[in-house]
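Below you'll find the structure, written out as structure tokens, and then a few comments.
Letters A, B, C, D and E mark the chains in the order given here, with residues in each chain numbered from 1 onward.
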Amino acid sequence: MSFELIKDILIATVPLLVIFPSLFAFTTWMERKALARIQNRIGPNKTGIPCTRIGLFGLGQPAADGIKMIFKEDIVPRGADKLFHLLAPILALIPAMLILCFLPLEFPWGKFMSAPVQAFLLDSAVIFFFAISGLATLAIFMAGWASRNKYSLLGGMRAVAQMVSYEIPLVLSAVVVVMMVGSLNAKEIADAQTGFNWFVFTPWGLAAFVIFFIAALAETNRSPFDLPEAESEIIAGYFTEYSGFKFALFFLGEYIAMFAISGLAVTLFLGAGDGPFLTAAPWLSVMWFIGKIFGLIAVMIWLRGTLPRLRVDQLMAFAWKFLLPLSIFNILLAGLTHFALDARVAATSDAILYSIHASHTHSDAANHDHPKPVAGQKEAVMGALHYTDKDWMGAMKWFSKAALKGHAQSRSILGWGFGIWAMSLIVLYVMAKGLDNVSRSTAKPREYLYAE
Amino acid sequence: MSTATAPNYELLQQEGLETSLLEISMGPHHPSTHGVFRMDVKLDGETVVELRPVFGYLHRNHEKLAENMTYLSSMPFTDRLDYFNSMTNNWAYALAAEKLIEVEVPERAEYLRVIMAELTRLVNHVTLVGFFINDLGALGTPLMYAFREREKILDLFEQASGARMMCNYFRFGGLRNDVPEGWLDRTRELVDRFPAFLDEYEQLLCENEIILSRTQGVGNLSRELAINAGITGPMLRASGVNYDLRKVDAYGIYDRFKFRVPYTDGDTGDCYDRFMIRMLEMRESVAILKQALADIPEGDIIGKVSKVFKPKPAEVYGRIEGPKGELGFYLIADGTTKPYRYRVRPPSLINLTVLRDMCLGGKIADAVIILGSIDIVLGEVDR
Amino acid sequence: MTQEITFWVLAVIAVLGALVAVRRRNLIHGVFALMIFFAALSGLFLLLLAEFIAAVQILVYIGAVGILLLFAIMLTERVTGDDARDITSRGSFWGWAAALAVLVFLLLPAIQSADLAQTTQPHNPSVKALGQQMMDPYVITLEVLALLLTAALIGAVAASQGGEKTKEDIDDA
Amino acid sequence: MSELSHEFLLKEFPEAQWDEAAGAVILPAANARTIAEWLLASGWDYCSNVTGVDYLEAEVKEKTTNAEGETETVTRTEPGRIDVVYHLYSIANKTGPLVLKQRTGRDGATAESLTPVWRSCDLQEREVYDLFGVNFKGHPDQRRILMWDEFEGHPMRRDYSEPFDYEWEPTPHAEILEKHQRGKVII
Amino acid sequence: MSILGGGIFKGMAVTLRNFVGSYFYKERLTTNDYEWRPDGALPQSIGDYPKEEGEQLSDTTTVNHYSRNFPMLLHDTGEPMDTIRCVACQICERECPPQCIYIEKSTEKIENADGKPQFYPAKFDIDVSVCMSCQICVEVCPFDAIVMNSQFELSTPDRFGGLLVRRDDLLKSNDYYHKIHPQEAAARDQKMADDKAAKVAKKKAAAEKAKAAAEAKAASAAEAKASEDKTEDAE
């Protein structure tokens, strides 16, 4: 063990331990502000610089909350298991902090390291991510059990059932990316997406991203999957008996887990640190990464402000009857499009970008020596028209025609790309729709009678 | 012949594995019991197998109090029954007492009574829907929108009566005072703006898949049981009974207004129906308000009646269509200044009769929203 | 040197965790102690640079087996654990004897016959290599195992559905 | 005369009395349930309000004309009683109310429960039991509803006087507290 | 066939609209001073409160016209106890629903604003911790002596008796009443003046009757007296 190694480890980990908790503070403020605005309130706007009347849009609120939390009385119920009651919030924070290490965040000060010791360079970084994030379940269960409160216990049981169930679609949707890249290494996954080859632009990537995001909401107990802490049913679930700093730790753990899982989504689907102007300023990469994380968190907040929560049986049905089959189907589809057909085209978004470009230039200047319209493109447009008219059979027919025609001609690659792109999405949508019809009860708006 | 089903207080029998039930006491301080209400629930996993409502935490024997004071002095106490709807409570009491003393209510007062009652109905329904969605787990967003609209109406109440919630505005034979200048215009403006809010509210809630699947098929109440168990108000109409006292009794001057009563075909009678009936009723209330505000005449606000009176011995029962259901007052006069017997028929309490029937077999989350869809106020349940 | 310190720390944690798991009367505490043992084991794997195995150790043993155990305990009657009940009773002697026998007759010969110097040699199998091994020479084994697990899964589903069916039958009858 | 008037009821069941002053039918104790079932069958499907009224023993002065044609004031003692009042409406025919009364003495007051006929009487009869102390025969779940179980007395009776200090009443909390101190109950 | 998740997207559109709209349209905000509120019904912004020690929010706030908080006793212009309207008739004490008024009648009479000897409340306490602001006392008072105040900041560190408001604290001038409830005060003054005029007219009628009975003898004297009354009223 040398000094060098310790220095490297510190450089790799300390920024994470500093940056993300600070971002947590900012996120609580952001969430309160955004929710307030969604609800047509103003939100925190008075707490700014202490001892002055400068409000600073309430940015001092997280600090005030933190100070309040620290000084609050720590209440431990009489019947509680005191050791576990203490350990649970700590245990909730540790895995959340640990998994941050597996995000391919390359800070500019990484160049001061003598050897790359970042955890995301591990060959099985993604697996580690899932393995360790699963430990949060235990902490929640511990909290629910140790409080010796029936609501806490119910919350703990719900949390375990929910997190175990949603881990499966979560992992399965990540498997697609792993399959495509052929590596579990986070860095390699990130590198595979440079130059806007984000996996979310592929049909299977899009589907996997949506599944991943929904499952991530459930994993982090965010609305509409916040059953373990469902206020209206079980008071506060596993937090019921927590107060003061222990509660703050839980809160912190939850938000850090949110960052981590959004970070993984960004890594897997949204191109990690990829973005414009990177050649000019490589350090922007981190900013893009964190910016994308905040984008996802904003969507989470937006959902929280809009949706009510599911019931426990619907939650399970959604995981097992909808997300799981869909993600398995998505793996199949990805495999088909990727390996059975031309891998280069189907895997990237080049095709569609190019076909749009080609059609554009063609209509612009037909007299010039420009490439012909992409084979099958017309058919694909027809298919899209049929699709908008909700003529599913017609759309299928036209899309398959587009695919076949494109294949038959010399510019087959582009035709295939476009056709497959659209067709895969439609197949996925139809699959999802069918699964939805099967898994969900036929709930739809009703008509009412009127008496004069 | 008899559709009465006596409550069956046996546990649901479980087949197979022997498990012990989890007993939890939801309330009296629980976030979603809408007050100090308690449900002793036995759970099998998350399924409710036994539920026993426990009342009385807010009991102050309102009836006994009223028997020991003059007729007028009870009026402010009726505000505190269903503290969301003090105007309609006042009206129900005034209606019953006016039967005792036979006083003519001036035209303008009648119109203002209708306006106040319908505004109250808007307040009640809009907040109820907000709370209901809150029980479903939405983070209070619809509730905040509801509170914004409620706030505007409460402002109007405050301008008219001096208080936002405990209005104490109705008097036997009319109203306490006339509305201030410009009040009617402000009300007209509010009523004109209200449908836009309802549109937005409906867009937010009525098609949401989660709300649909959470509420449909939950807490079904059949038409027969609803009638037999004395369920009233929107809950009865959601079970497919076209029965609205504004049409049936046509108390006040309700027969002058053109409005429709929404009800269901009675196939489901679930939480979604109860929620939607209230949404639709708000539109009808707006229609009534528009007509009333267009037609309201000038004139006296209260008939000739002394503050303290001695009615002849008689028994009367006056009832109105409160926002929560039939609110009745049963008065027995014995010739003194105080009522011999004063009884409130609380719709909230009686609508709770079927709580257990609706909740059994559902999940605990269903029990919460069923309670929310019944629409209770504990001030009225416990009296 | 560092590695040795790490090894000893992890080893002590593992042994202590295992002991607590066995000795602890409170079932939930026992399960959590067992998980500490698993975690320490995973650390030991990491020390051997077997990172994939370490990850799987956490994923499977803590994430799945541990939670399964917790669920099983939750389904038993004494969820909260009962410290008053004495579980170290008469049979303990035979337990110790069996453990000793395993150590003497199985583990010691195995340790002695192994070429320790070679086994502790760190080598770095990449996940890709592991996957190729699984998909190439051991593909039959993998498929058979997968089939077995699928069968078990279907069996479990069938078993859990079976109870309901009889209930329906009862209802019909 | 419509089928939904009290006169029809009185014709069908002559033992029921009509109280003109109160506008109510006084049900005989013996077959109150039978009459109620008949009423339900004949369209009174909705029982709106159930309550009790307590009348203390009172001296009533009445002016009567005696045999000699002179008015004289007769003082007679009316025994105390409790009326259980039911207000019936018909949702099907949109008419009402029909007021029923069951009369019972103040000591050991009992009445026939009409809950098996109209479920809406369930909680309201419990309330009458709680506040007036009328026992309902045939009520499926007769418990106190508003007062706590250990409460003594019936507060809506007109001669009820409240105890000096409610805290002295035994409450469930005391029992649990005691048990807890003996180490029997955790939480 | 509806779009998968269509209702959710619709709802999200609504919340997005509200999120953006709350920055641009003031009327969306829950805590907003609506334009159609009467001027200054609520302070524009409570802002830094309290501004100075001892300052009360209700001093700076014109509250609603009909707003009622706790009762106060009225006196006319002049020394409070000399011009007190209350005659300790105790009607309000009897009618008060929560029974929060305690009155002790004086033993001797003093002259009121009109110069008539009247009883006055030796003790007039209102327990505002019990009072429920129902305004019944105001309605039943035959002398217009008790009206509702709009003061709402009454918190006190004294648990026992701090909220028992004594007579001298309850006494407020009619001018103050005009300040807080201008319309109501004007209407009440009008009513009192009408009542008085009616009384005077009655008196006059009685006097005329007496005059007729006593024939034209004391006609000039009665005339003078009536005119005297009138000038008194005018003053």
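Operating definition for what follows: contacts are C-beta pairs under 8 Å (C-beta built on N, C-alpha and C of every residue); 3 or more make two chains touch, one makes a residue touch a chain.
Everything quoted here is computed from the prediction, not taken from an experiment.
Common neighbours of subunit A and subunit D, listed by label, are B. Chains that touch both subunit B and subunit C: A. Relative to subunit C, the chain whose mean Cα position lies farthest away is E. Between B-E and A-C, more contacting C-beta pairs join the chains of B-E.
The central chain of the assembly on a C-alpha centroid basis is B. Here the spacing of subunit C and subunit D, counted between their Cα centres, is 68 Å.
Separation between the centroids of subunit A and subunit C, computed from CA atoms only, is 31 Å. Look at where the CA atoms of subunit B average out and do the same for subunit D: the two points lie 25 Å apart. With centres taken as mean Cα positions, subunit E sits 61 Å from subunit A. Counting partner chains per residue, subunit C shows two or more touched chains at no residue at all. For subunit A, residues that reach two or more other chains under the stated contact definition are 38-41, 148, 153, 305-307, 444. Residues of subunit B in contact with two or more other chains: 141, 144-145, 148, 204, 206-212.
Partner subunit B is touched in their complex by these residues of subunit E: 2, 5-8, 10-11, 13-15, 17-18, 28-30, 34, 36-38, 41, 64-68, 95-97, 132-136, 139-140, 148, 183.
Those residues of subunit E whose C-beta lies close enough to touch subunit A in the complex are 1-2, 4, 8, 11-12, 14-16, 18-19, 21-23, 28-31, 48. Contacts from subunit B toward subunit D in the complex involve residues 1-2, 4-7, 9, 55-56, 59, 61, 63-64, 225, 227-232, 241, 243, 248, 313, 315, 317, 319, 326, 328, 330, 332, 340-341, 343, 345, 349-350, 352-354, 382-383. Within the complex formed with subunit E, the residues of subunit A that make contact are 34, 37-42, 53, 302-303, 305-307, 390, 429, 432-433, 436, 444.
Looking at the complex, you find that subunit B touches subunit A at residues 22-24, 30-32, 43, 46, 133-141, 144-145, 148, 204, 206-214, 216-217, 242, 244, 247, 260-265, 268, 272-273, 276-277, 280, 363-366, 368.
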